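A, B, C, D and E are the chain letters, set down in written order, and residue numbers restart from 1 in every chain.
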Amino acid sequence: MVEIVVFGVFALVALAGAVVMITAKNPVYSAMGLLSTMFAMAIFYVMLDAHFVAAIQILVYAGAVMTLFLFVIMMIGVDKQEDTAESIPFQRGITFVVALGLAVVIILAGRQAWITGSDAFGTPDMVGTIEAVADSLFGNWTIAFLSTVFLLTIAAVGTVALALFGPTAVRDIDGEEGT
Amino acid sequence: MIDYLWLLIAIPLLGSLTLILFGRRFGEPAAGWFASALVVIPFFFALAMALPFIGGAESETVYVFSWIPMVGANASLLWDPLSALMSLIVTGVGALIHIYSVGYMHGDERYTRFFSYMNLFIASMMTLVLADNFGLMFVGWELVGLSSYLLISFWFSKPSAAAAGKKAFVVNRIGDWGFLVALMMIFAAFGTLDFGIVFSEAHGALTVGMATAITLLLFVGAAGKSAQIPLYIWLPDAMEGPTPVSALIHAATMVTAGVYMVARAAALFEMAPVSQGVVATVGALTALLAATIAIGQRDIKRVLAYSTVSQLGYMVMAVGLTAFTAGIFHLMTHAFFKALLFLGAGSVIHAMSDEQDMWKMGGLRKIMPITFGTMAIAWLAISGVFPFAGFWSKDEILGAAFGRGGGYLVLWAIGVLTAMLTAFYMTKLIIITFFGEKRWDKGAHPHESPFTMTIPLIVLAVFSAFAGLWNTPWRLGLEHFLEPAFEGVHQAHPPEGLALWTLALISLAVVAVGMFVAYLRYGRREELPVEEGGYWNAALNAYWVDDFYGKVIVLPGKAVATWLAMFFDMKVVDGIVNGLAVVTRSFGSSMRVLQTGWVRSYGAAIVAGSLGVILWLLLQGGAF
Amino acid sequence: MTVTIGWYMILAAVLFSMGAAGVLMRRNALVMFMSVELMLNSVNLTFIAAGNELGLIEGQVAALFVMVVAAAEVTIGLAILVAVFRRRATANVDALSELKG
Amino acid sequence: MELSLLIALPLLGALVVGLLPKERTELVFPVALGVSILPLGVSLWIMVNFVSGESVFQFTEDYVLSETFGIGWRLGVDGISLWMIVLTGLLMTLSIAASKSITDRTKQYMVAMLVLEAGLLGVFLSLDLLLFFAFFEIVLVPMYLLIGIWGGENRAYASIKFVLFTAFGSIFLLVGIIVLAITAGDAVGAPTSFDFRTMLSLDLSSTTQLWLFLAFGVAFAIKVPIFPFHTWLPDAHTEAPTAGSVILAGVLLKMGAYGFLRFNLTFFPGASVDLAEIIGIIGVIGIIYGAAVAIVQPDVKRLVAYSSVSHMGFVMLGIFALTSQGLSGGVFVMISHGLTTGALFLLIGMIYERRHTRLIADYGGLAKVMPLYAGVFLFMAFASVGLPGLSGFVGEFAVLLGSYLTLPVLAIIAGSGVILAAVYLLWAYERMFTGPVTNPKNEGLSDLDFREIAILVPLIVIIIGIGIYPKPILDRIEPSVEIILDRIEATTDYEAPEFGRIDEIVDPRDVVIESAGHDDDTGEHGDEEGSE
Amino acid sequence: MNNASFLAVAPETVLLLGALLVIIAGVMLERSRAEWGFIAVLSFVVAMVLSVLQWRAVDTLVEEGSDLLFFSARNVPVLRIPMVVMDHYSAFAGFVIFTVGLLGLGAVWGLVKRVKTRGVELVTLILLAFAGLHMMTMSANIIMLFLGLETASIAFYVIAGFTREREESDEAAVKYFLLGSLASAIFVYGAAMLFAATGSTSFYGAGGMKDFFASTIIGEPGVLLLGIGFVIVGLGFKVSAAPFHQWAPDVYQGAPTGAVGFMAAGVKVAGFAALGRILIGALPSQIDNWAPILAILAGISMIIGTALAAVQGDVKRILAYSGVAHAGYIMMAFLAGEAGIGAMWFYVSMYALTLVGTFAIASVVSRNTPGRSDLDGWSGLSRRSPELAWAMLILLLAMGGIPFTAGFISKLTVFTAAADAGYLWLVILALLTTVVGLYVYFRVAAKMFLGSAEEDAPSLEPSTVLRLVLAVVVVGTIVFGVNPWPLLDLVREALPL
């Protein structure tokens, strides 16, 4: 029963956050909406025995990512009040229909059975423990884990490359391919 | 010797090629004499080979080489009395006209080209005559058409000459189409075009209906070449060519090819009475029609042209009556006297500095005695005055018509009427041209032609006078001669005995009437009668048949072609093609609108697309 | 009545759709990007819920990797957005519609 | 090897021409001309060494390229393709010789011409469907460039129309080939097989035959072109440079008719018999329509282009008459049309170089100014009209006589095409060459020079030669045609008229290359004999 | 782990090392381009060699009957989830991808010079991106695949916006990034659905998707179908299949011309390889579910791609839209299931070659007026530079599917595969669009050969590197057009496990 109440409350929080995010005229409010949704998510993760992920969710997402977002919003520092009137013809209608349709179709598709896979090879004892995650991450998933190095390097190099391009650099490139 | 039969074709052909390629080196008059020699030689060659027929020699087929063997059309030649006779006429008259041309064409800038064409004609005509299958005959048939085209439009700088040449070729082609279809039918029936097989197996392989169809189509071809109704219109225009051409091609030889062809296919025509009737009727009507037109013509060559049409009508009538020998007989005599008439006319025109209007001549009798004398013989011959050549041949035809009886009596009547008209207009021609006042234009200095021109006239005059004696009712020399060619063919003959004499007398009587009327009208008065309005106008314009064809066939045809080309082809057929392209492009352009440039609408497409994809998958996968 | 997998899945589906709606509705590039993050979060929820139901740790691990990806994406994404929109003093993506057709 | 050499020579030539130093432009023309003579020589060598009446495909080559896909470098020449390659070699040499006036990007021009030649030769020599299609398509590219770069005013439109129109047809051909290849693959236990021989042994149902016939047919019909797929032709012909028009009319159109002969009749005999009448009707429409439309064309090139439509109608009629004479005649018309129409385009090109107009109305009285030119033109016009003694007649005559046996009404109507042919060509001649010289611009025109005469003389000689003595050609065509007929008779109820057919019946399986795999069909052989 | 198993990830390792060395050499040691450029080239070459070695190693392993094909499944029984698979499929993909990378590096070299110091970053990004692309193809796990996908995509987002002096470049980067993230989210949602539906993120191994379907028939396929659908959409976006294609023209046009070639080509190769890995490697049993929708998407792609390409006035957009159409053609190969893989490989690798080549040429043509790629700029190219014009012509012909170019064989094999699978209607549609496609390509050709150059247009001299790239591409196009058979036999073996 408690479970239901908790789920209900945080589901409402998550949805409300999402609604705020996609409707708020001020991007800061949007960020706040997303933040609350993420917190609600973390709660769900805990409820689903994914404690480590929940922690990461708070630390990385709510902590780092959202901060970054807010920072950028502040930095660009404009459009405090976004005009929410739609300028693209049919866009609103399409959005509404498509989003609603997507939700309805997904839900309808899963109404019989959301899980059809088998857990024949499952490791139920270990669910929810950080050890299990670690075991997996540094065992089976080592390669995947290592592969993130590419992502991170790119993130670093890419940011540098974009940042290096200052106003002075605008002028010095007059064409693309040289001889 | 017979193995070298092909030389009859090859020699003039060689001459033609030589003159085309190296003509300039020959110069004038060597080219003319060279060309003439290459016709004279075949003449004597043919003569040498023809003589044995008198002794009753067998017909022979000479295989030269294989041409289109799969349709049974090979280059193989037939030497029988009929082809021999035709060969002699063609080379003989041809040689004379060549010689005549040496003088006549003097000074023409394309002198050698003229003779090369003339030689080409002789070669083509010999091909036509000597062919032993319909295929090769058709070759000659078309090639004479080519020569005719080239020679009619010889003076191509004159638009009328060029147009006349084209007209001749095109109208002939209409006839050729009939010939061609006939050949298809023959091939379908016999599997070959070979004369020997076709004629000998005709009775077994053909039904009467088929024979009728084939022969009628053959006759369409003949009507084109021999200028019968309704395809005669090209012949008068063909007078645009030099006069020797008119004499050789459009009087003596080529135009008789139709008659020759019908005679050649006697075995087929014999099987088809309906065709006989049609052919004979068309011939008779053509004879009459052309004669009535000839009366009203003022141009000396056009008179002769219509006269030719008329005489061809006689011949066609003859072969239609199955009086093949009579047809060929008239063909032969006509070749002599009509060639003579044309050459004579040419001589006159030559003398009058290319004036052709008879109304501007007159009184030439004394200035050009030889021309006058020879032409007078021809006049008597064509009019059918005893004992000149035309009398015998024409009477045989009329006799045959009478002999067939029944409906053919009408044709006989027409023939007789035509004979009277012929006598009338020929007399008129002679009188206006040679008698009476001098009505020359200023600057005309008539003179007698040089000997190269007069000698052929004299020779022809001799033949015009006496050739008829070869086939008189008492001594059927020609008929006997031609017998092997018409072996097994039942021919129509004139009645015998008293009837024959009566008929001859009737003929002579109407001729006399015709001549007398002409004399009354033109010979007795100082002033020529004014011939304007009414009938004269109609006759002068040949009853506006040309205009009629122009309005009914040529103009609508052109309109249809223009519509097809400029509207249907460009707008409809091509319009559909271009329309498809336009549709494709406009589809692309309209799709372009969706590429708005707004990233959010791209996103909408992606999300909507995914919705579509999963919907399809779920529906198809049976998840709903 | 307990909270079943279906509840989470439906919630995730709704959040995913809302995220998608956000991308399509908002013209502020940052908010659009946030909406994408929302979508990724709903994916994570799906992974974890399914992993939990299946008794598999893989769901959690997958979610972790999605987070890593999201983090990297955010880094580059914000770098791009900053670089682009600093010059224009706007974050309106509708202004970027020179390329079309 | 000879056939590979034949295809390779022009390509090597193109390479040589392409590698000529940039600054030595004066070398391009003589080198290209010299190079183009080589394939002509080889094709003549093949002609001389072709043994009439022996095994049908000769000089065969068969190198498997891909076992899996059943693709091979399979070449062979029979009595039909023999003449096509000789024609190609001849016209190529002549049209390169006639391209002296090309001064813009000459090198690229010559390369395009030589590549075109290789493609054309490949089409006629391939005995592998994929190879055939490849050559069939590749021809578009050099032709596109020839029309597009060196063409007339409206060249951009004409060239792209040419490409798209013919490519549109080819897609159906490709579908047909793929389906056939898959079917053939099933028969031999491979994914696909493009071998002519394998396909020949297929026993297709009548519905399949019909659809495949149509698929192949559309492509070939457009190429031929058959009414109403002809509208690319006048545009392409008119805008193409002289050599382009010559090759287009002389060889390219033959690809379509050749395709009908080689593939449609052989692979789909049942459908061929069923559709013969319809195609015959379309062919006759083409004859009359092309001729009628030609009459009023103001542009002499367009006129000749439409005359091609008319002539190719004869080819189609002949082919689908399904008689020995019709088929042989059709092939002969193809040869003759290549020569005469090619020559006419050469002639028009020569006058165009002097006057830069193609409008009939701009000329008049030329015979006075250029007597030699006028004479040759008239000669070619008569050859095209089908004057006996020249090449045009032999084919048309055989076609008409042959088609009357099975399609009498059509043959009769088609016969009237000879009238219209005389009308349009002679009228055009009349307007261009006769009468007084009306346009002062025409007064100073020079007559043919030595090079031009040298180009035309071979054509004149050949046109007369094969018109008078077509037997060597017919002798080689006939056995190949008989094979086709025999196959049709063996697989359908149809019986071709016996007139003039060759007696000894060659085993239909000898159609194919002599090599292994012969024994596989023994069973079928028995059946065929039984049905005969 | 023995050598064979390490070999599976060796190319990535080499590229990573190469990238790091480039950074070290270029940024820290401030070495010249000649030196770190050499390192980059070497990395690609070594990676290519390693791909060949992989292929041969797989041959041996298959002969020995070993299951050493999974990098992480061998000696640790408890670890049941394979991450990486080394099979002919990944080896061939590797070779193609690294070839494209090498050629792309050559094509982009001019840009590298132009952007001066930032060239190091550019090259690093390229190396890493191609490592990511290959990861997509060698993954045995959908999360791993997603990682590869994102690795490549993120790098490409940056490259798309690299020449920021042009406003279009900004726009391209933003569009690519926003839409790319959206598509990634959709893809990964699909991955989650597949996880829910099959109980595994892996394709292979015990309990992997393939194994799961071998023993189970899902009664309620809703979630599975959602998973398949979203995965197709996600990858469909990457390969720019309609209706997920709209980013492509804008990004192609805005991104630096020299880079578009390898970006487009690389993503196409890897995207289709990934699609094949999932659909045919993991879900071959579901072919009846996914084939029809793939056929529909293929059809839409062809129609939209060609129709829109026909009305474009910009060469890069033309190529982008034609790329949409080509995506449609390539998708046809999948309809035949495993039998179509060879066709897919042939098509996609040959198309990748032509793409790199065409954009390389485009980069030269637009050199004098930056970013200019409208058709008029190509007018009279055959006079300004006959070599470039003819090279372009051959590549265009290849794209149009003209015989004796690789493009013809590509189309032929793909169409044959689809026809064999019973999709004759799609083949006919494909051929019809091919004709319109010919119009598109000949239109460009017409500009080059028929158009007249502008008065002041200088003649163009491509750099030696570019010449080399073009030579390889053109020769490859023709060689594989004339004699594709060895390659065709090879790719028929390049099947996913």
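Operating definition for what follows: a contact is a pair of C-beta atoms (placed from the backbone, for glycine too) under 8 Å apart; a residue touches a chain by one contact, two chains touch by 3 or more.
If you're wondering where the values come from, they're calculated on a predicted model, not measured in any experiment.
Asks: Work out which chains are contact partners of both chain C and chain E.
Replies: Looking at chain E and chain C together, the chains touching each of them are A, B.
Asks: If each step moves to a chain the current one touches, what is the fewest number of steps from chain C to chain D?
Replies: Step count on the best path from chain C to chain D: 2.
Asks: Chains touching chain A and chain E alike, please list them.
Replies: Joint contacts, listed by label: B, C.
Asks: Measuring between Cα centroids, which chain is at the maximum distance from chain D?
Replies: Of all chains, A has its centre farthest from that of chain D.
Asks: What's the chain with its C-alpha centre farthest out from chain C?
Replies: The chain lying farthest from chain C is B.
Asks: Report the most central chain, judged by the distance from each chain's C-alpha mean to the global C-alpha mean.
Replies: D
Asks: Quick check: more C-beta contact pairs in B-D or B-C?
Replies: B-D
Asks: With chain centres taken as the means of their Cα atoms, state the distance from chain D to chain E in Å.
Replies: 43
Asks: Approximately how many whole Å separate the CA-defined centres of chain A and chain B?
Replies: 99
Asks: Once you find the CA centre of chain B and the CA centre of chain E, what distance in Å lies between them?
Replies: Spacing between the chain centres: roughly 77 Å.
Asks: Distance between chain A and chain D based on Cα centroids, please, to the nearest Å.
Replies: 67
Asks: Which residues belonging to chain E are in contact with no fewer than two other chains?
Replies: 81, 143, 147, 150, 154, 157-158, 161, 164, 174-175, 178, 182, 186, 195-196, 199-200, 220-222, 225-226, 249-250, 436, 439
Asks: Residue numbers in chain C touching 2 or more other chains?
Replies: 9, 16, 19-20, 23-27, 32-33, 50-51, 53-54, 56, 58-59, 61, 65, 68-69, 72, 76, 79-81, 83, 93-94, 96-101
Asks: Mind pulling the residue numbers of chain D that touch at least two other chains?
Replies: 164
Asks: All pairs of touching chains?
Replies: A-B, A-C, A-E, B-C, B-D, B-E, C-E, D-E
Asks: Hey, which residues of chain A end up touching chain E in the complex?
Replies: 106, 108-122, 139-144, 147-151, 153-155, 157-158, 160-162, 164-165, 169-179
Asks: Would you mind writing out the residues of chain B in touch with chain A in their complex?
Replies: 596, 598, 600-601, 604, 607-608, 610-611, 614-615, 618, 623-624
Asks: Can you name the residues of chain D that touch chain E in the complex?
Replies: Listed in rising order, the residues are 65-66, 68-69, 71, 105, 108, 130, 133-138, 140-141, 144-145, 148-149, 155-156, 159-160, 163-164, 167-168, 171-172, 174-175, 178-179, 181-182, 191-192.
Asks: Can you tell me which positions in chain E touch chain A when the two form their complex?
Replies: My answer: residues 9, 12, 16, 19-20, 23, 71-72, 76, 78-81, 83-84, 110-111, 113-118, 121-122, 124-125, 128-129, 131-132, 135, 141, 143-144, 147-148, 150-151, 154-155, 157-158, 161-165, 195-200, 206-207, 212, 216, 218-226, 256-258, 363-364, 366-371, 461-463, 466.
Asks: For the complex, give me every residue of chain B touching chain D.
Replies: Against chain D, the touching part of chain B is residues 65-73, 75, 135, 138-143, 146, 149, 153, 156-159, 161-163, 165-166, 169-170, 173-174, 176-177, 180-181, 183-185, 187-188, 191-192, 558, 560-562, 564-566, 569, 573-574, 577, 581.
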